[in-house]
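The block underneath contains the structure these notes are about, expressed in structure tokens.
Which chain is which? They are A, B, C, D and E, in the order written, and residues in each are numbered from 1.
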Amino acid sequence: MIIIISLLVIIMLTAAVSAIFFKDLLNAVIAACMVSLIASVLFYLLQAPDVAMAEASIGAALVAAIFIIAISKTKRHEE
Amino acid sequence: MVNPILLIVVPLGLAFALPIVNLISKKIIKYIPVLAFLFNLILSLLLIPKVLEQTIIVKIGGFHPPFGINLFVGPVGILFSTLIALAGFLVSIYALSYIKEGPKEKYHILYLLLLTGATGVVLTGDMFNLFVFFEILCISSYALVAYLGNKAGIESSIKYLIQGSVGSSLLLLGIGLLYGQLGTLNMADIANQINSISSPSIFVPMIFIITGLGIEAAIFPLNAWLPDAHSSAPSSISAILSGIAIEVGLYAVIRVIFTIFNASSFLMFFVFLGVLTLLIGEMSAFSQKNIKRMLAYSSIGQIGLIMFAISLNTQLGISAGFFQMISHTLGKGLLFLSVGFLIYKTGSMKISSFEGIGKKMPITSLLFTIGAFSIVGLPPFAGFASKFMIIKAALTTGQLLFTVLIGVILLGTVIEGAYFFKVIQSIYFKGTTDIIKRDEAPLIALISMSIFVLLIIFIGVYPDFIARILNSAASEFINRIDYIRSVLG
Amino acid sequence: MSLELLLIIAFSGAFLTYLSGKISSQLRDGVAVLISLGLVAIVSFLYNVQTETVFYQGFFGISLILRMNSLAWFFAIAIVSFTALCIIYSLSYMKDCERSNYYYFMMLLINASMLTIVLAGDLVTFFVAWEIMSWSTFLLISYNRNGALQAGIKYIVLSLIGSMCMLVGILSIYTSFGTVNIADVANHLTPSSVGYKLFLLIIFSITFGIKNAIMPLHTWLPDAYAESPSPFSAVLSGMLTRMGVFGFLLIMYVIVGMKTTLHLGRGFLSFNTILCWLGAITIVIPTFIAMLQNDAKKLLAWHGIGQGGYMIVGIAFGTSLGAAGGIFHTLNHATYIVLLFLSVGAIEYSTNGLRDLNSLGGLFKKMPIAFFGGLLGISGLIGVPLTNGFVSKWLIYKTLILGNAPFLAFAALLGTWGTVLSVYKFLHNLFLGQLPEEHKEIKKAPLTMQIPIVILSFTIILFGILPGLPLKVINSIIVAAGFQALDINIWGVTSETGTLNMLNIFAAIAVFGAIFWGIFKVARKSTPVDQYDNYAAGAAVPKNKYHYTVEYYAPFYRMGKPFLKDIFDMFYNRIAEAIGSICDSVRKIYTGYVGSYVMYIVLFIASLIFVQLTWSIF
Amino acid sequence: MEFLSNYIYYIGAFGLIFIGLFIILVKHNLIKVIIGIGILDTGVNLFLIAVGYISKGTAPIFSKAGLDANNMVDPVPQALVLTSIVIGVAILALALSLAIRLYKHYGTLDLRKIKEQRW
Amino acid sequence: MKKIISLILLFIICLGIVFCLQDIPFGAAKTKVGHYYIDNGREETGATNIVTSVVLNYRGFDTLGEVTILFLAAIGLGAVLATLKKKGKRQIEPASLILKTGCRFLFPLILLFGAYIFIHGHLTPGGGFQGGAIIASAFLLVYLGCRERKINEVANKITESIAGLVFIVMGLIGLTVGGHYFLSNFMPKGEINTLFSSGIIPIIYIAIGFKVGSELTGIIDNLMEKS
């Protein structure tokens, strides 16, 4: 179990770090959403189903949608 | 049924109702904030005598603290809520004629919520609730700074938002760290369990919390958002931000330091930070060309002065600090409001464009001048009385260090005087000498500003009027045990 | 008549004047004159009244007190009468000016605040009135726009520095003794340490030194005097600046007490000696700088500084004669400097704002009243016998000589020589000599401008011949301060080492004057010529090209210019510039880039945590 | 392993907080900075939940009988995080709308070039 | 350079937190307030989901604030975007029939799911926020799938306002009726673990569900349409 959790955390952190490096903002947003998604899994594992639901529906889905709308209205690539 | 909870709930409910009201009639929405804050003002004034007798603890949901959220309506809380309601009331009257463009109903909603958040911050007795109301205060400020939708407003707003949200994350982190150790969120309960701040496990969360709150309070290295935001917001909002928001932020900081953490050893650092804030603010304001930016920097300076006074950690010092807050609210509020119409009529924020405006708008200019005098601390205005009290408090401690720092502060005052007087000169004594047609601010705005002036003069001449509430407010901060006891019973 | 009522009349009169100006300007003029004359009447009725009343207790529970005694009365009557004269003078001087309502309002407000200063029985009232005076003065100095703006800023900044010093002083008294009542403070202060007294003296001296323009602190004055409207320049130089003298009297002889003040330190390094020397420097240097001025009002302004030096020397020297001389000189100085400013104002009025000494001249015939005013004024300034200046200067000289201070006496004398030279330039370049072509037809100064000039001229002579009148009051002041009483009679002062009796001098001068007048009359050989009847090397000079008032002291000017710079002013300007550039660089920390702002936040947290983890100081 | 099971959540939470702060500190692109704020928020939330956890605990829901009340995780941090998530989305939405406006004004989202308000 | 400095500073902060975390061991016994809620939550509020009872009852005031914040964000976003000049009409590319049909089919289902979530907030995991977000995602789906469809803004606003007012009015009724405390649970608690239980909690959660849903929808709507 602990290994799975560790793996999840490592993936989450990697996603977060990769959000720094992506030049394409869409990729960065997807990475950030991945962070949220894994975080919501971690919430579930921490016995917080309410929060996990909220994080998954708000943090991962809606925020991603808002980000994507915003990027579509501005610029996709970081200079 | 005079319950302090109504101070928060009524404006909140009105804010929720505003979109519907807007659908029914677009004309009456602008009177709703006026009504709301008139109600709050009356309620606060009614509560003052009761609170001075005995602190009111409002248990929300009927749960005994620390299990439920409680409001702590002490002298400080009621002092601030009165001040907020007063400023809110007067500024909303002013806004009747000032806010003419943009999505007006949204302005009024945000305005109501801004001040509701401020009231919540000063009344709440729960750490996380403080965070929530703090967020209400901050988010509505972000939105209002951007209200005009111009380049400057949007830019300032986003910068403010970035710094503010970093701050609120840090604040939440601090609260979490604290909760992890103490297992409670109630301020009194936390305070009950904390004796010393020297161990890192208490110190680190304290730093996070102070930083998070300090960003809104415009303490020196954390205040970079302030000049941008205050100068780009609509003037009525600048008045509230300068007069209420940063004061409330500072209230939260000192509440945390005094009541929760009992960090008197940290206050020495705050004394220096206050003086530094003052100097940085005044020096930055000195050669400003943009009037609102100048006023914003001057607010930083004033915050430094308040910090200095409160950090003296004496009864007199704290009440002097509160007094300075009141006089700053009134003075800076008046300045921003009057500047609002000066800018509106000249179409520019440059000080140089105000040349000769004294002839065009004599009353507004006069009001500006009085505000400036009060801020600089000239008698017989409120600023003098508060400065008098601060210096007295510093000298009463009898420590040489404070005497020296008073010298530095007075140097700051001289700088402040220099730039304010320059503005006054360009208003009255520069520009054309021809007779210009009068083009005065609307009557309703003048009335609201005149009430500010009357209060400034009244408090300046008769400071004993508020002496009692200031004194009890200071005692509330000094007597931490009383706070804990009255909440936890 | 209670003192509160007096002040209420003074302050509300100012507002009333302003409001009535909204109705009509005639009404305003009437109200202003009525108020100012009414104040003169009320104050003069208060002669010899000794009273003290608590008038307000709402300011942090401090009892604010008004008190009347001889010192207060002496200054109060001077303030209200000079202001009244200047108000009367202003009626026509300010007639067509913009914002005349504002002008009268400020004049009366300043008047009221000065009145409050001298009547204040406690330091808080004193300070409040002092501040009101400072900012209202600022607002009136800036009135003339252009150059006046810089002068105003200079004034208010120095004033603020001064009042902040005073505030610290007052609050340190308040926190130490719990009272600000001047009499109580004096009592409490007696047993306290010498160091504390010295601290108080120094800190208050900065304030009053700035107001009275003692040498290193004088830089605001020349510009402020020169740029104000002339009637206000008169008030400014006559009374407002001399609030500094009042302050010195208050702090040295009332609060700290004569005995202590005169025994602080030893030899040269004592407080009053240093102050005396500062006074002496203030006499000499400004007087010579005055000689270089080409602006009539600036010339007078520099003399104002110099004459202030006399007062300080007299007061600080600390003998009965000296103090009396200093106080008397304050009054006398006010009389003639007001007169001179009003005369210059009359010229300004007639020539549409000209006061450049290089381009005026020969106005004697056109404006005889102004000329006689000017003549008597400079006679007083020099100290010609039969004018009041003579008496006070005599008292001061005598003090210095008797007090074994030959250098100070020499400085005072040097000042007088300088005065003679420079005021002659003043009189000559304005009134004597050739009348420039363009001023052949000038406006006639109206009656309301001439009346004050005449009254003041008369006063100069009156106090010159009958110095006993004011000296009687002054005597009671110095007695109250703890000095030995002087032996005063109506004609002068009697003492063991020499007697001043103006009657004798008057008689002598009258006799000699009559003789000389007779000789001139009988043996007259000169023929009067036209003002334009000038010759140069035998050839007629084109009138419009040659004007011999230009560069009057040219050789001296060339000689003195390098040395007689106002180095202090330059020094302060340098400081101001430095502060300005520091301020400019300070605000560069707000770079506009959010990353750096967040960096400040992180830096703040990190450094605090670092400090705590390393040293755990909190 | 001991270390991991004790600290892995904390490492994850603070890892996110620091990555978030680092993005805000060094990135110039506004959208990236806003992403950083989001990551920072998530990190704080994760930390709060981790604080409330107890080993082998169950969710604080009495959905079926026989659940041990002594073995439930702390519900308070969960309530807080619920609030915090909503606040986070509110801030992000506002920030992004501001970013859209800013882009219309400046034509760029590079914060180094958006420096009109300064000094 | 800046990166190095930031790393150093963050490292120092990290160090401080590590010291702090020594006193917060992971997985240790829970704290007294939380314990109280778990022990007494069912009796005092009638909700089986203790998180819900904390969110809506013990800390209901926070939730009011939270709802306010979301409201604030929606209004603020509207205010920020309101003054934006629109560049003509957005070119709408009609979606394919499959997508449309799918959306139409899914939309009521998602709505139902969201409603289920917030109605059962006091019994099972989930509640007003989650349900509201799900409802909002349904509307998002409509936006993405059936692009020509528009949301009735007025209805949205009215829903938003009324839902908020319901919350406040429930609180105020508590102030007048139930023990004179704001937000006190004055209604009968009912039988535990049934739908109609735990007093005002379901009502408020439903209101929150509507409010959150309409606000998030409003945010998306504003972002899509107004900019």
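In this section, contacts are C-beta pairs under 8 Å (C-beta built on N, C-alpha and C of every residue); 3 or more make two chains touch, one makes a residue touch a chain.
Computed from a predicted model, the values in this text were never measured in an experiment.
Colleague: Which other chains touch subunit A while also touching subunit E?
Modeller: D
Colleague: When you average C-alpha coordinates per chain, which one falls nearest the overall C-alpha average? Tell me, please.
Modeller: So the chain sitting closest to the middle is B.
Colleague: Taking each chain's centre as the mean of its Cα atoms, which chain lies farthest from subunit E?
Modeller: C
Colleague: Give the label of the chain whose average Cα location is farthest from that of subunit A.
Modeller: Comparing chain centres, C lies farthest from subunit A.
Colleague: Between subunit A and subunit C, what is the separation of their C-alpha centroids in Å?
Modeller: From the centre of subunit A to the centre of subunit C is 76 Å.
Colleague: Averaging only over C-alpha atoms, locate the centres of subunit B and subunit C and give their separation in whole Å.
Modeller: Taking the average C-alpha coordinate of subunit B and of subunit C, the gap between them is 43 Å.
Colleague: Where the CA atoms of subunit C average out and where those of subunit E average out, how many Å apart are those spots?
Modeller: 73
Colleague: Distance between subunit A and subunit B based on Cα centroids, please, to the nearest Å.
Modeller: Roughly 37 Å separates the two chain centres.
Colleague: Which parts of subunit B, given as residue numbers and ranges, touch two or more other chains?
Modeller: In subunit B, 128, 132, 135, 139, 142-143, 146, 149, 154, 157-159, 162, 166, 179-180, 185, 200, 203-204, 207, 227, 284 touch at least two other chains.
Colleague: Mind pulling the residue numbers of subunit C that touch at least two other chains?
Modeller: 587, 590, 594-595, 598-599, 602-603, 605, 609, 612-613, in rising order.
Colleague: Please list all residues of subunit A that touch 2 or more other chains.
Modeller: Touching at least two other chains: 48-50, 54, 58, 62, 66, 69-70, 73.
Colleague: Would you please name all pairs of chains that touch?
Modeller: Result for touching pairs of chains: A-D, A-E, B-C, B-D, B-E, C-D, C-E, D-E.
Colleague: Touching subunit A in the complex: which residues of subunit E?
Modeller: 49, 51-52, 117, 125-127, 129-130, 133-134, 136-137, 140, 216, 219-220, 223-224, 227
Colleague: Subunit C touches which residues of subunit E in the complex?
Modeller: 2, 5-6, 8-10, 12-13, 15-16, 19
Colleague: Please give the residue numbers of subunit B that touch subunit E in the complex, ascending.
Modeller: 1, 3, 5, 9, 12-13, 15-20, 23, 58-63, 66-69, 102-103, 106-107, 109-110, 113, 116, 120, 126, 128-129, 132-133, 135-136, 139-140, 142-144, 146-149, 154, 157, 177, 179-186, 199-201, 203-205, 207
Colleague: Quick one: in the complex, what on subunit E touches subunit B?
Modeller: Per the touch definition, subunit E meets subunit B at residues 16-17, 19-20, 22-24, 30-34, 36-37, 44, 57-62, 64-66, 68-69, 71-73, 75-80, 82-84, 154, 157-158, 160-162, 164-165, 167-169, 171-172, 174-176, 178-185.
Colleague: Quick one: in the complex, what on subunit D touches subunit A?
Modeller: Touch list, subunit D to subunit A: 1, 4-5, 8-9, 11-12, 15-16, 19-20, 22-23, 27-29, 31-32, 34-36, 38-39, 42, 45-46, 49-50, 52-53, 57-61, 72-73, 77-78, 81-82, 85-86, 88-89, 92-93, 96-97, 99-100, 103, 108-110.
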